[in-house]
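In the two complexes below, chain A is the common chain; its partner is chain B in one and chain C in the other.
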Partner chain A sequence: MLSTETPFSDFGEEVVRAENLRKTFTLSRKQQRLERTDLPRKVAVDGLSFTAQRGEIYGLLGPNGAGKTTTLRMLSTLIRPDSGDAFVCGHSVVREPQKVRDAIGFMTSDLKLENFFTPSYLFDFFGAMHGLEKSALAARKRELFGRFGIDRFAEVKVRDLSTGMLQKVSLVVSIVHDPAVVIFDEPTNGLDVLTAKVVTDFLAELKAMGKSILLSTHIFSLVEKLCDRVGIIIDGKMAADGTLAEVCAGDSLEDTFFAIYRGIKGVTV
Partner chain B sequence: MKLLALMKKEFARFFGDPRLLITMILPGVLIYLIYSLMGNAIFGGEERYAFRVYVSGESAVVDVIDGAVTQNGWTAEFVYLPAEGAQTAEEALEQVQSGQADALLVFSEGFDEAIAGTGGDSVPTAGLTYNSESDGSAAFAALAGGILENYGRPFAFTVSDSAESVDFARSMMAGLLPFLIVIFVFSACMSVTLESVAGEKERGTLATVLVTSARRTDIALGKVLPLSCVSLIGAASSFLGVILSLPTLMGISVDAAVAGVGALGYVMLFLLIVSVVPLIVSAIAVVSTLSHTVKEASGYTSVLMILMMVLSILAAFVSGIGDWAVAIPVLNAVVSMQSVLTGAMGVWQCLVSVGLNLVYTALLVFAIARLLSSERVMFGK
Partner chain C sequence: MNGYALWMLTRRNLKIFLKDKANVFFSLLAPLIVLVLYVLFLGRIQEDGLLETLKGMGVEGGAQEIAAFCDSWMLAGCMSCACITVPLCACGIMIQDKARGISADLLISPVAKWVTPAAYFASVVAAGLAIGAVVLAVCFVWLAASGMWLLSAADVFGCIGALVLSVITSSTLLVFVVGFFRSQGAFTTLNIILGTVVGFLIGAYMPIGYFPDAVQAVTLFIPGSYTAGLFRNFMMRGALAEISANLSPAFAQGLESEFSLTFDFFGAEVGVDAMFIVLACVAVLFAGLNVLAAFLRGRRKG
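On to the complex of A and B.
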C-alpha cells in the first residue's frame, strides 16, 4: 500500500511555508523590447509568503506571467530565490535543496521523459535516482501501474504512448519515491478534456492518499473543484490567500479574482 | 547507486539503438576501405617480383627460400660472393642500399653442418639485410625472414634494414596519425555527446533528472563516463582503420610501417587515446550544457574542433615544440603520440600527458556539475 505517513511530523501541519520569496531575472534587450520596458531586470516574484497545509491541495491562481511557475521552481529547488526562503517539510530550499528534492514530486510540462525508454524502465530509473531499493520499487511499480492502468503499456516505448497515457506515466514517475509533497505546475495546461480528467482524477486520488499538493493554474474551475486553499498571485505578489470560502466570501472565484485584479491593476477587464 | 543508474541509462540508450552503434563502428571500416583502395590505386595491385639476392657463405636454406619464391609466382637470382660486380659483402650491401639488389644473405662458415650438430663448437649465424624503401626488397625480407625464423634452429639470426625506410615510415605515420586520431576521436565523441547532453537539455529530459535528489557531480559523471566508453568504441574503430590502412596508403609493408613502434609504443598510444577521449567528451559536454539546442552546441563544437585540429597540425608539422606542450590539453597527447611514432618515445612524457588529461577531465566534470546547478544555464531563455 502507498504510505500516507509523512517524514516531517515534527514540522506540524505546515508542509510548505514560503517566506518573503523574491526572484528577479535579467532582461535581454530583446526581452526589454517585448516587455516594453527600459528596466534591466524584471521582478518575477516579489516578497511572496504563504503556507500549505498537510493533506490539502493548495492552488496558486494567477494570470500568465504572474510568477506562479517561478514560485514553484523555487520550491522545487530548480532555481534559487534572490532573497527570502521557503521550507518544504521543514527543509530550506536554499540551504538543503537535496533534502527538499527527496521530499517532493514535481511535475511540469517543461520536464519530459525520454522517448526511447519504456515506462517500466523510466520508473525504475527515477526510483534509483531517489535511492529506492529494488524490492520496494518493484512493489510500488506494481501498485501504481495497476492503479493507473499503465501495466499494459509498461514495455511500450514512451514515443508510442498516447498523450493521456504519457501524462499518466509522467505523473506516476514524479511520485515514484512516494513524496510527502506533490507540486504540479499547470497540470492540465494544453491537455484535451479526456487527458485533463485523468490529471484531475489523479490529483483527487493523491489527496485521498493523504498527500499534500501544491498546484499552479489559471483555470478557476480546477481550483474550485480541487483546492482547499488558494493564493491569488498578481505581478509576483500575493493578492489574496486563504481557504476558498475566506477568499471568495460568497462570490464565485472568477468574480473574486477579477475584482482583485481590477483593484490592483486599475483596469477594466 | 545513483551514478550506476545514470551510467546504465546512457549505456542502455546507446546499446539499445543499433543505429548509434553502427555510426560508431562504421567510420573505422570506411576509413580502412577508402584508404586501402586509395593506396592500391596509387601503388598498384599485386607485384610480380624478380629478386636479385647476394649470398655470402653457403646453406641449403637458400634452396628452401628459392622454392618459396617460386611458389609465390616470383623469381629469384641468388648470386654467390665473390661475384662480378660485388666482390665483398660490403659491396653487395651498397647495391642493396642503392636498390640494385634486393637483399644480402650472410651465412657463417659451415652453417648447415653446425646446425646438424656435426660442425664446430661456435654458434652458427645467419644474417639478412634488406632495404625497406624498396617494395621488392621488403617483400623478399618478409618471405626469407619468415623461413629463416622457422628453420632448424639453433642459430643466431639477425635482420637489418639498410635503408632509412623505417624512419621514413615512422615520420609519415608520426605526421599523419596524431592528426587523424584526434579528428576521428573528436568526431566519435561529438556524435554521442551532443545528442546525449545538448539533446537531452533541449528536449527537457535533463531537467527531469535535476529534480531528483541525485548530486550534480553524479549527473555529470553519469554522462562523461559512459559517453567516454562509447566514444572509445568509435575512436578505436577509427584508430584501427587508420593503422591498418595507412601502410597500404603509403605503399609500404605493414611490417615496415609498424616496425619499431613496438608493444610499449602501442600501449602508450592506447593510453593517450584513452586519456584524450574523456577530455574531449567533457569539453563537448561543457559546450553542450551551455547551449540551448543541439544546433547551437554543434556550432560551438565546430569551433572547438577547429581548435583541436590546429593544435594537432601544430604538433605534427611544426618542429621544435618544447616541453611546455605537455601542459596543453590535447596538444600534449599529439606531441606524445608523435614521440611514440618516431621512436623518440619518452614514457614519462606520455604518462604525464595521460595524467594531466585526466586532471583536466576531472576539472571539466566539476565545471559541468556547476553548470547543471546554474539556473541561468539550465533554465535561462
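On to the complex of A and C.
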C-alpha cells in the first residue's frame, strides 16, 4: 500500500511556514529595458509570510512576475532568501536545506524526459538520486506505476508514449522518494485540456494520499477546484491569505483578486 | 548514497551522449575532416614535398618511409582533434540540462552539491576516453593494414597515456568554459568555432612550422598543441627512426622540429616529458578553477 502517513508529526499541522521571506535580483541592462526601470535590482519577494497546513493544497495566486516562482524556488532550496526563513516539515530552508530536500518533491509542468529512456529507467535513476534502496524502489515503482496506469508502459520508450502518459510519468518520477510535501510550479501552464486534467487529477490523488501540496498559478479555476487555502501575491507581497471562504467572503475568486489588485496597484484592469 | 548517485548520474549523462548518434558523429567531425583532406590532397602534397626535399639533398627513394611518416602525422592530428572535440560535444549535456530545467531537478535531490558537477566531468572524461580509444584503435589498424606499423610497445602505451591525460586536461578546461554558457545557441557557436579552428591551431592540417612566427607563438599557449606533440612523438618516432637510418639523419632531425615533435618555447626545448608536465599542470589548474567556480555558483544561488 502507498504511504498515507506523513512523517512529520513532531511539529504540528504546519508543513510549510514562511517567515518574512525576501529576495532581490540584480537586473541586467536587457532586463532593465524589459522591466522599464533604471533600478539595478528588483525586489522579487518582499517580506512574504504564510503557512500551509498538513494534508491541504495551498495555492499561491498572482500575476506573472508577482514572485510566486521565486517563493517556490526558495522553499525548494534552489535559491537562498536574502533575509527571512521558511520551514518545511520543521526544517529551515536556510540552515537545513538537505533535510528540506528529503521532504519535498518539486514539480513543474515541463516534461524533462529524454525520449530514448523508458519510464522504468527514469524512475530508477531519480530513485537513486534520492538514495532509495533497490528493494524499496522496486516496491515503490510497482505501487505508483500501478496506481497511475503506467505499469503497462514501463518499458516503452518515452518517445512512444502519449502526451497524457508522458505527463503522468514526469509527475510520478518527481515523487519517487515519497515526499511529504509536493511543491508544484504552475501545474497546468501551457498544457492542453486533456493533459491539464491528468495533472489536476494527479494532484487530487496526491491529496487523497495525504500529501501536502503547495502550488503556484494564475488560473482562478484551478485554485477554486483544488485549493483549500490561497495566498494572493502582488509585487512580491502577500495581499491576502486564508481559506477560500475567508479570502473571497462570498464573492468569486476572480472578483476578489481584481478588487485587491486595483486596491494595491490603483489601476483598472 | 553520494557515490551511487554519482555513478548513476555519470551513466545517465554518458548514455544520453552516446545515444545521440548525430552528436557522436559531429564530435568526430574535425578528425574526419583531417582524414578526408589528407586522403584527398594533403597527404600527396606532404609526401611530394618531402620527397622533393630529399632529392634536393641527393637522397633517392624513401617513398615508403615518407608515406609512413606522413600517415603517422595525419593520424596523430586526428587523435589530437578527437581528444578536444569529443569532450566538447559531451559537455553539451550540461547545457541541455540547464535549458530543460533538469539541473533544478538534480539540485533539488538530496545528494551533495558536488555530485552533479562531478558527474558531468566524469561523463565528459568517460565519453572522451571511450570514443578516443575507438579512434586510437582505428589509427593502429590503419597503420598495420597499410604495412606502416613502426610503433614499439612503449609507443603504444605512450599513445594510451597521451589519450588519458589529454582527455582529462581538455575535459577540465572545457567543463570550466562551458559552465559559463547558458543557451544552446551560444554552445553551438563555440562548438562550430572550436571544431573549425582546432585542426589549424594544433597543426593537424599543416605543420605549425608553416605558420607565421606570431601564430606559432600563440599555439605554444594552447594545451591542444602539447596533446598533438605527444601523439606525434609516439606515433611518428618509429617512422622518423626509419628515415634517419635509411635516408638521412639530418633530414630526420629537421622533420622533428618542422612537424612539431618538439617545441621551441621561446628558446627552451619542450620534449615529451615537458609536454606531459604542461598537460598535467593545465589539468590541475582547471580542476582547481572548476572547484572554485562550483563553490562561487553555489554561494550565489545560496
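Criterion: the second predicted complex is superposed on the first by the 266 of 269 C-alpha atoms of A that agree within 3 Å, B and C clash if a C-alpha of one lies under 4 Å from a C-alpha of the other, contacts with A are read in each partner's own complex, and residues count from 1 in each chain.
Following the convention adopted for this analysis, a contact is a pair of C-beta atoms (placed from the backbone, for glycine too) under 8 Å apart; a residue touches a chain by one contact, two chains touch by 3 or more.
This is a predicted model, so every value here is computed, not measured.
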Problem set entry | Room on chain A for both chain B and chain C (clash or fit) | clash
Problem set entry | chain B versus chain C as contact partner of A:Pro81, first or second or both or neither | second
For this session: Scan A:Asn64 for contacts with chain B and chain C and give back first, second, both or neither.
Result: neither
For this session: Classify the contacts of A:Asp102 with the two partner chains as first (chain B alone), second (chain C alone), both, or neither.
Result: both
Exercise. Can A:Phe126 be said to touch chain B (first), chain C (second), both, or neither?
Worked result: both
Exercise. Is A:Phe116 in contact with chain B, with chain C, with both, or with neither (first, second, both, neither)?
Worked result: both
Exercise. In the combined picture, which part of chain B sits where chain C already is, 27-35, 63-71, 117-125 or 153-161?
Worked result: 27-35
Exercise. Intersection of chain A residues contacting chain B with those contacting chain C?
Worked result: 76-80, 98, 101-102, 104, 106, 110, 112, 114, 116-117, 125-126, 128-131
For this session: Provide the residue numbers of chain C that touch chain A in the complex, in ascending order.
Result: 1, 4-5, 8-9, 12, 15-16, 19, 100-102, 104-111, 301-302
Problem set entry | Sites on chain A touched by chain C in the complex | 76-81, 98, 101-102, 104, 106, 108, 110, 112, 114, 116-117, 125-126, 128-131, 174
Problem set entry | In the complex, chain B residues that touch chain A | 1-2, 4-6, 9, 12-13, 16-17, 200, 203-205, 207-215, 375, 378-379, 381
Exercise. What residues of chain A sit close enough to touch chain B in their complex?
Worked result: 31, 73, 76-80, 98-99, 101-102, 104, 106, 110-117, 121, 125-126, 128-131
